[in-house]
Each structure stands twice: as C-alpha cells, then as structure tokens.
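Order of writing sets the chain letters: A, B, C, D, E and F. Residues in each chain are counted from 1.
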Amino acid sequence: MNGQILVVNPNCLQAVTDSMSEALEGFRCEGGPEIRCETLKSGPPGIETQAHVDAAAVKLAEWLGEKPERKRVDALVVACFSDPGVAALREALKAPVLGIGEASYLTAAALTERFGVIAILERSIPRHRRAQRALGLEHKVAGELALELAVSELQDEATTWKRLVGVGTELRKNHGAGALILGCAGMARYRTRLEDKLGVPVIDPTQSAVAMALGLVLAKSDALVLEARH
Amino acid sequence: MNGQILVVNPNCLQAVTDSMSEALEGFRCEGGPEIRCETLKSGPPGIETQAHVDAAAVKLAEWLGEKPERKRVDALVVACFSDPGVAALREALKAPVLGIGEASYLTAAALTERFGVIAILERSIPRHRRAQRALGLEHKVAGELALELAVSELQDEATTWKRLVGVGTELRKNHGAGALILGCAGMARYRTRLEDKLGVPVIDPTQSAVAMALGLVLAKSDALVLEARH
Amino acid sequence: MNGQILVVNPNCLQAVTDSMSEALEGFRCEGGPEIRCETLKSGPPGIETQAHVDAAAVKLAEWLGEKPERKRVDALVVACFSDPGVAALREALKAPVLGIGEASYLTAAALTERFGVIAILERSIPRHRRAQRALGLEHKVAGELALELAVSELQDEATTWKRLVGVGTELRKNHGAGALILGCAGMARYRTRLEDKLGVPVIDPTQSAVAMALGLVLAKSDALVLEARH
Amino acid sequence: MNGQILVVNPNCLQAVTDSMSEALEGFRCEGGPEIRCETLKSGPPGIETQAHVDAAAVKLAEWLGEKPERKRVDALVVACFSDPGVAALREALKAPVLGIGEASYLTAAALTERFGVIAILERSIPRHRRAQRALGLEHKVAGELALELAVSELQDEATTWKRLVGVGTELRKNHGAGALILGCAGMARYRTRLEDKLGVPVIDPTQSAVAMALGLVLAKSDALVLEARH
Amino acid sequence: MNGQILVVNPNCLQAVTDSMSEALEGFRCEGGPEIRCETLKSGPPGIETQAHVDAAAVKLAEWLGEKPERKRVDALVVACFSDPGVAALREALKAPVLGIGEASYLTAAALTERFGVIAILERSIPRHRRAQRALGLEHKVAGELALELAVSELQDEATTWKRLVGVGTELRKNHGAGALILGCAGMARYRTRLEDKLGVPVIDPTQSAVAMALGLVLAKSDALVLEARH
Amino acid sequence: MNGQILVVNPNCLQAVTDSMSEALEGFRCEGGPEIRCETLKSGPPGIETQAHVDAAAVKLAEWLGEKPERKRVDALVVACFSDPGVAALREALKAPVLGIGEASYLTAAALTERFGVIAILERSIPRHRRAQRALGLEHKVAGELALELAVSELQDEATTWKRLVGVGTELRKNHGAGALILGCAGMARYRTRLEDKLGVPVIDPTQSAVAMALGLVLAKSDALVLEARH
C-alpha cells in the first residue's frame, strides 16, 4: 500500500466524476498512491452560484465524517473550481487538502508571467477574482473570459471547442496570456488539443491539484528510502 | 518512452546532485517519465550571493545549448532555491521550466494560510524576499529565519538537525507558520523527520518542483488516452 | 410604514439576539425604519470554526426562503463577525445585505489611520485576516489580539472586562491603534465603558452595520421628499 | 438633547448647503441627534483643484476654532468629495470627523465587489484615485468616468440627467460596477431616480457619511440604556 | 544664464533656510543652474501637524503667485519633509515641482532593498506612512523611529547626535535598514558624520530633491548640445 | 579631484557609449565629479533578452574586478534599461550602484501621478513589468507601449521620431501619462524634442541615474564644507 489520494467531485453527477477519473489515468502509476475519485452524492448538480458553493461546503464536511477511512487518506482534492469547503476541511483533516481552483492558479504562476482564465459563465468571474486576490495572484491574471454557453451548447463538443479556441485566442493574443487555465473541473478532454492549437500551456485544474497531491505523497514514501540509507 | 524530466543542479557538486536524485526516487514510477539529475559542472561550488546566481544563469544557458537532447526534455527543473536562469531558460525552451524556489512558495500557498521559510544564511533573506514579492506571495510569508551555520557545522547532521528544530519551532509557534519550506536544495533528508517532529507540512523545494513537472508530463500522456476514447 | 431592517443572528441563542436588539435600541427612531432582530433557530450555538461559518451560510439561505416577507426587507444585516452567507445572500436579495465584520472594518477605516481588533479566540484570527485582506484594509490593521477566555470566563463580566482593558490597552499603546473593533457580535454592552476607559473610539460591529443599513433606508425615504419638491 | 451632527459644506454657496440639508431630511428622526448644516462662508465657490482643497482645509481649521460649540459636536462631517481638511480636523477634534469621499467609498465596499464613480470633471479623477489608493480600495473601483459638463449644463437638470444615465450605464454594463457613487456633494436629488433607472445601488456621499455619523452617535445613546439595565 | 532651481523653505525661519542653502553649496557648480533658497515668510515657524501642512500649502500657493519670476524657474523644490502644497503647485506650474519627502524615499529606493527613516517626532510617523503608501514604497520601509527630542534638546548638538546614532543603529541592526533617511529638512549637517559612523548611506531629503532637480535642468541644457551636433 | 561617477554601457558598442557620454555633457560641471563612460567590451552587442541580461551581469562583475580603480569610484551607473548586474554589483561595491531603469521609474514617480514607458520591443515589456512591480511602482504606470521598429528602421531618425511621437501621444492622451520614460539607453537625443512636442516631461534613463549619482557625490563634498564650518 503506497498511500491514497482521494478526489471528491462536489457535484452529484457521476458522469463528471468518471470523466475526471479518466483524465487522471496518467497519474496512476505502478507503486504510486491510489487515486480514487468519489462523487458527493448529496451535492448540487452543478456549482454555479455562491449558494451552491456554500451548500457543497456543508455537504463535504458531512461526507468527510461519514466514513472513517476518508479521514485516513494521504491527501484530499476538492474537484470544483470554486474550492468549496476547502478552508473548513483543512481544519478537520491532518492530511493536505487541495482545492483545484487554487492549485491551478499556483501552477500557472509557476509557468509564466501572466495567465488567462477561461470561465464557463460570466457571473462566476467576480467569485474567481475574490480567490485570485486572496492568493495574491491578481497581478498575474492577464484576463478572464467566459464561454457563456448554455448547458445544451456545452454538451455539443464542436460548439464548445469553437468557443474555447475563440476565447483562448483572445486571451493569448490581446491579453498577453502565457498560459491558460480551464476554469472548470469538467473540461480536461479539451486540454491537449487546445494546448496544441494555441501553442501555450493549458492547465486542467484537477490535474494540477492531483499533481501537487501526488508530489506530497511521493515525497513521503521517498523519505523512508532516505531514512533507511542515512 | 514516457517523457523525461531533467533536473539540473546548478552547483558543481556531484554529491549534492546524487542526494537530490535519491530524494526524487519516490517520483520515479513505472510507466512515468524518466527523472534525470545532472550536475552543472561549470557551475559555482555553492550559490550564496547574487553574483553566484548570475554566473549560474549564464552557465545554465550555455549548458542547455551544448547537447540538443537537453532541449527535447518534457520539463526542466532548475534545482537551486534562488532560481538562477529560470527567466532566460523560459525564453529558450518550449517545454515548461520550473524553479524550485518558486515551486516551493506556490506549493506552500496551496496548503496553508501562512508559511515559514528556513534559510541557510541570513544574507540570502533579502534575495528571497524579492522572489516572494515578485510572485505576490509576500502576505503569506509568516517569517523567514536563517540557520546561520558554518559549512563545517552544516556537515554535522546532529548540529544541523538541532538548528532546524529550533528555527522551525520558532516559525511555527511565534510566527504562526502553518507549513515550512526548506530554503535550500540540499536538505531533503531532514524533511520527514522535521515534519514528524513539528507537526506541520515541511516542503522540500526540489520535490515540489518535480511534482509540478510530473503533473505536467503525466497530464500529457493522459490526454492521449482521452483522445483515443472520445 | 417606513421600511424595515432585518438583523439576523446566525447562532441559535435567543439570549444573544435579545442583547443585540437591546444594543440597537438607540437606532430605532420615530418615523425611522423598524429594526427587527431574529434568531436563526437552525444555526449552530456558536460560530467558531470555518465549518460553523459554512453551516450558518446554508441555514441562512434556507431561512431567507422560508418566509416571503424576509425577502421584502429594505436591508438585511447578518450579525456574525465572520459574515457567514453574505456573498450568497447578495445573489438572492435585491436589497442591500451587510455583514457586520465587513461593516466594522469599513467604519473603523473612516475614523482612523490604523485600528485594532479584539478577537475572542486566537484561532479565528487567520479567518479574520482573510476578510481584512479581501477588503483591501490589511494595511490599516494595527494588530489583532485575542481575549482567549473560556466560555465560563466569558460569562463572568469582571474577568471579561479585565481582559478587554488589557488587550485594548496593548493594541492602543504598543500597536498604535487609533480605534478598536469588538470582534464578536455579543460584546456591545462593554462598548461605551471601554471607549471611556481607553480614550479611542470602540466599534460594535452590529451597530456599525445597522448604521449603514439605516443610512441606506433613510436615504430612500428622503429621496421621496426631494422628488416631491423638485 | 440627543447629540448633534454638524455637516459643513466647504464651499461658500448657501444654495448647495440648503439642498444638502434637504437631502438629509430623512436622517433627522425624533429622539435622534440634531443634524445641522453650515456653509463655510470663507470657502471657495467650488472645489475643483488641489489648491481649492488646500484652501478649504485651512478655512475649515479656522472655522472650527471660531465658535467653541463647533468643537462640542458629537460628529463632524466635511461635505466635499475631496475630503478637505479631514486629516487636520481629526487632530483638532476628539469627536469623529468623517469625510464624505472616504465614507462613500467605504459604504460602496460594504455593498458590492466592485463599484463605479461618477465624477463631475475629468481632471478630478487623479485626485480621487489617490484617495482610493490611500484607503486600499483601488481594487474595488470598477471604473471612474466624468460627466464633463460645463457649469451652465450642470444647472440644466435634463442635460445632467441624460449624462448621468449615460455614464452610469457605461459603468454598470461595460465596467461591471455593482453600485455607483455620485462623486460630488450636490447631486443627491438624482440618487433615487438613478438607482431606479439603473437597477444598482446609487450612493450619495453626504448621506453615507451622515449615516456613519448617525450610527456613532446613536450607539452612544444606546449604551446608556444598556448601562442602566446591566 | 543656465537655469534656476528655486528651493523654498515653507517654515518662516531664515536660519533654517540658511543652513539648507549651505548644505546645497556642493550642488552649485560653474555653468550649472543657480540654486536659490527662499524662506516662506508667511509660513508657520515649524511644520509638525497636518494643520501646519495645510497652512503651508496655502501660503506656498500665494507665495508662488506674488512674483512672476517664481513661475519662471526651471524647477521648484519644496523643502519640508511633509511635502506641503506639492500636489497643488504641480497644477499651477509647468516646471517640475519636487517634494523633499518623496524625493528622499525614491532616492533611498534606488540604493537599497529596505531603508529606515529617522523622524523627529513620533506623531509625524502616521503622516509619513501615508506618503510612503501613496508612493507604493511601504514594502521598502524597514522601519521608522523618532528622535522624540524636545526643541531645546534638538538645539544641543551633542544630545541630538547621540540620539541619531542610537536610533540609526537600531534601524540598521534590528530592522535591517540598508540606508537611512533624515526625516526633516534641517539635519543635513549630521549626514556625513552619521554615514561614516553607521556605514550605510544617509540621505538628506533636500539634497536628494535638489539632485533630481539638477538632473532635470542639466538634461535640458545638454539637449541643446545634442541638438546642435545631430 | 572631486570624485568620479563611472557610467558603464553594458553592450559592446562604443558608438552607444559615445552618444551616452554626449548626453551627459551637461552633467559635467566645473568642480563637480568626473563623469566617465566606459564600454563593456565583452558585453553583448544589444540587450534584448533575459539571456543577454544575465550575460551582461556576469561580464560586468568580471569587468569590475579587472581594474582596482573601478572599485574606487564614488558611484557606479549601469547604463542599460534592464539593470543587468545591479543587485550583484551592490554586493561587491561599497559605493552606490544605480541602475538606469530603476532610476528612471523613481524619477518619473517624483514628477507625476502616472507615467508612460516607451519600449523598443514588445517582448521586453514583461521584463520591465517585473522591475516596476519589484519597486512597488506598478500603480504609477499609466501604460507601456513598444516602438516595435526593426534595427534598420531605428537607425533612420525620421522613422524613429514619427513612431516616438505616435506612441508618446497615445500614452499621454489615451493612457493619461503625465510624464514619459524613454525605455532604452540610446534615445537621449530625442528627449528635448519629444518633451517640446508632447508638452510633458520626457525622461532619459541614463540622465536620471547620473543625476541621482551626482547628487550623492555632491552631497558628500558639501558635507566637508559643513563640517568645516560647524
């Protein structure tokens, strides 16, 4: 047993969790920690307002307490770009708790001077701005633009792809973004294609948080090796 | 072949590179990218002044150009806490270039409200402060304190350990640090012990940068899987 | 009928609401808006952790929806220093929503260069710091110190008074605070005494939010007068 | 007698003071403090340049000293958006001194993430920006735009109204302002109409400062009640 | 005629102006601009409060208008550390207007990471902090400490010197100041001695503003040379 | 002998050094310090990338060590807008070391609320932004625009002049710049003409650094005078 990273999808849609888990396939390596994705069944179907964020936070706290093994994980990743419940979970858990919103901003800041953010909805942008400011990374945000697509349009890959390219190009060319963040947990499947198309790094937030979690867990196992030798 | 992460130690001491490579053992996983550590043979024996940082930057640029395969890596990690040459290498390389100083600050910011930094030398603190401010993370630094040990003392593990515990305790208790960064590439072997002793996460900067690099490389391979399925 | 200000106490203790209402007696003026205080009966008994804050936020959202007249108020004041639910309530209500934490920081900033904050518990200080930074008023905080009294001690007025004077004096003399904020909804009864004792303005957060709300409601009624005349 | 709030109009135009006093009618409540408006007869006819601000500051200091009862007020409000003399008056007076510029920024920050400012003249904007930055609220200013009307045009209500609607719409729609500040002491009569027209809170600066002053005075009287009961 | 720099001492003491002029002796060079020092005879005897600053600002505006040649200077230096009237004079004069407070902060920032400020009086420190923040140089202030000497003590050179050394040593050693600013127009005569004693640059504010003014004037004359040649 | 200011041009072009020296003619005054300009013969022919900056930094450190008299100067000015090697030279030299980039930003901040920067190349702007932020003067930058001229075009004075006027006008009118900085060491000859054309101060960075250096050296000589008299 090499540790466990638990990724919780705070909306109740199993399909989103499945696609998230697929996007993390590459992070599951022989001898590395188990990466398990769970759906917060009591969560809202989507997290689009501050009320959804608050509701998800409370449900996550309950969920954590429901099964003792959830508190025994080596790292917990909350897979919603608005980072619901992350502050409270940190008070309840000894292990590291990572929010994918925060992780993506911090990863982008490690790659470039200024990055862009692609939001799904215009109305989420003020909420994201609060998070960017709280971290101290406001000055690194080249711009944030919304796809502003209806749910039905989002389900159409061709339409979504066209908007992603449009908005990403605008952020890269006119705002000077040196990297782009997909501002939502469910767009990993466009990551590589968009990166190839636009020629700048594109960050999937769930992947960036799991990468950090993986590092923290692997560092631990490695330490044992070092201890043994020295 | 699953990609390659190249970690370059910008000081010329092979022993430091070897110990670094050992500390990264846990990050080498079956099916994951190769993690290769190289010594910058033309580098200074230690990087303690701004002149050393500048010199290492130039030597790193030359080193990068010497062998074409170095430019073909999937991620480059510069393993010195002062991040020499990182800005210039980013201009020269398409692949992501990570500095371990920056990566450690950003990783600490993903874990806690305020973190502490343990420097080797007092005189490096203003240089570190410049980097913290450049990132925008000044407000998250609970404090930075130096071990202020002579080279001979640093070679004595018992003395170093005692100082690490002293300085770390001061940062945690009196400065309110919720995590600690080892402000130097060569102290990974104390990481777990210090974490266990002090009860807060302790971050080794090389590990935090390699974790980010690993994430970026694994994300890529994963994307192929996704592409295939969709 | 001249409008209504609804003050909701997000903890479930009616005694706290009663004392709050008493402290607002002076704000109820002939011809002015009704100031009504309600207890969030489903709220936690005290709000001391981020989990309590999140829980209160959700309960407040439910509470708002329970009775249609709650949405018809002219201003809503959330009377907990951690401002639970304020962001979400703003999305749900057309009328202004004021958090007493924010209102107290903003009122203090209107009075002095640098103010001090008296917290009940040490562990709330990082949470408060997040709020101060979010507003942009970090640079105006001379310091924040906790009473750090047990619940039983808090119920003893003599002990509480002694600590208030001690901590307040420290903030005024050693930190240079030109005004003090009582960092909790339930300490209004010490306000005048402390102001007289220490010689600097002492701000009760609930009063400062209700003052702002009163201003917004009175401005409206006044506008009618103006409209009529012009 | 329940205390007194003295509002001083630092320009010498009695008509401006009268209209100010009218706009405060709603704030005068039975049993509440007297709200008295005075004209600074020695003041400049308008405050449009930094020289006017400096001149008004000096005249205000003289004015304060002229009659001893002026120093006995419970709160003093300086009713010019550039807050002339506020820093000096705070040194001379024990009672709170509120500047209407500061009070309006702080009140807007209590209502919304980002607010807009409607200036009369373009050339005042840099002066306002200094004040916004001094408070730490720069990041909350969605934008500031000037009416840029000549004095004769300002006297024409229809023209002024049209410009107010144009500039306000621009700030709300294109700059994302969630509230608007009327950046001048003499525009209260447009407040309600503009609020109704644009659907976001519109703040009259004099009203916002008087609301804060009212709160501070009412809190005091209330404290007596509390003292008596406990 | 090679241009003229006019230095105005905004307090009414001719002795202060004389000593200022002496301290500028080295800046008067053959072929360079005339450096003329004038006393603001209508100014207050000392500038210790915000009211003094405001009064001096108004008197300076009047003074400027009194003689047309004052508006024909090539640069104007206001020689009081609180920079009275500088913002207004900039609106009235085409030529550059330099405040010695601002100039000293900016010069110190060109020399070192963090500087210390030696104030005369404790109560001026909040006023200075406003200026440091307005410039954006707060983060470069290692600390500010006051001599806190009575006027009679200030006239005693031995006592003043002893306090300067004490306060300067504290700023250098315990606050990490890499340069020191004499926070008052009248202490130039201690500059070299203090620099020699403490081993860090010591900045006299009047000299730093005149140096900038000199540069602006000399640049102009030089341009003629260049024009001629090219 | 009255001291010496050494200005080093870190690119290897003697013609640039010569034109620099000419632009400093006005700063050489009878009885004042010698102002000597040297070419860094080992430097790159131009400094356009971060790699050039790093290379110049190392060459400057070597250059400083080559001749003992270089360390005996009274002030050293590094005449490249990217300030290569300045941090390291400060560690190696007791005398003040001034970077012309920093000096120009600080001088502009002494003259106006918001200034504009004219870059040669678009790709240098992120590098400049890092420096502006490091100083804390980001909020004073009204905008930065690039001439974006090819080397051959830069050699054509008419073309360069036209672009300078175009870009300068844009910064002044649309960005509200109250002063302009020539963001390159080699454009002094356009300074006066541009200032006259645009009606705002135009700052040549080398001149602004030499002005500061001159001030520091003259202050010293002056001190001797004062010492003698007192």
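Worth a mention:
In this text, a contact is a pair of C-beta atoms (placed from the backbone, for glycine too) under 8 Å apart; a residue touches a chain by one contact, two chains touch by 3 or more.
Quick caveat, the model's predicted, so the values are computed rather than measured.
Interface equivalence for A-C, evaluated over B-F, D-F or A-B, points to B-F, where over half of the contact pairs coincide by residue number. In terms of their C-alpha centroids, the spacing between chain A and chain E amounts to 52 Å.
Remark: chain C and chain E have CA centroids separated by 44 Å (rounded to whole angstrom). Centre-to-centre spacing of chain D and chain E amounts to 34 Å, using the average Cα coordinate of each chain. Taking each chain's centre as the mean of its C-alpha atoms, chain C lies 23 Å from chain D. Within chain B, the positions touching two or more other chains are listed as 90, 130, 133, 138-139. If you draw each protein chain as a dot and join the dots that touch, the picture is not a line, a loop, a star, or fully joined; it has some other shape. Across the assembly, chains come into contact as A-B, A-C, A-D, A-F, B-C, B-E, B-F, C-D, C-E, D-E, D-F, E-F.
Note for the complex: chain E touches chain C at residues 126, 129-130, 133, 138. By the touch criterion given at the top, residues 49-51, 53-55, 57-58, 61, 85, 87-88, 90-92, 127, 130, 133-134 of chain D touch chain E in their complex. Those residues of chain D that touch chain A in the complex are listed here as 113-114, 139, 176. Across the complex, chain A meets chain B through its residues 22-27, 29-32, 90, 96, 98-99, 102-103, 106-107, 109-112, 135-140, 157, 188-189, 191-193, 201, 204, 207-212, 214-216, 218-227, 229-230.
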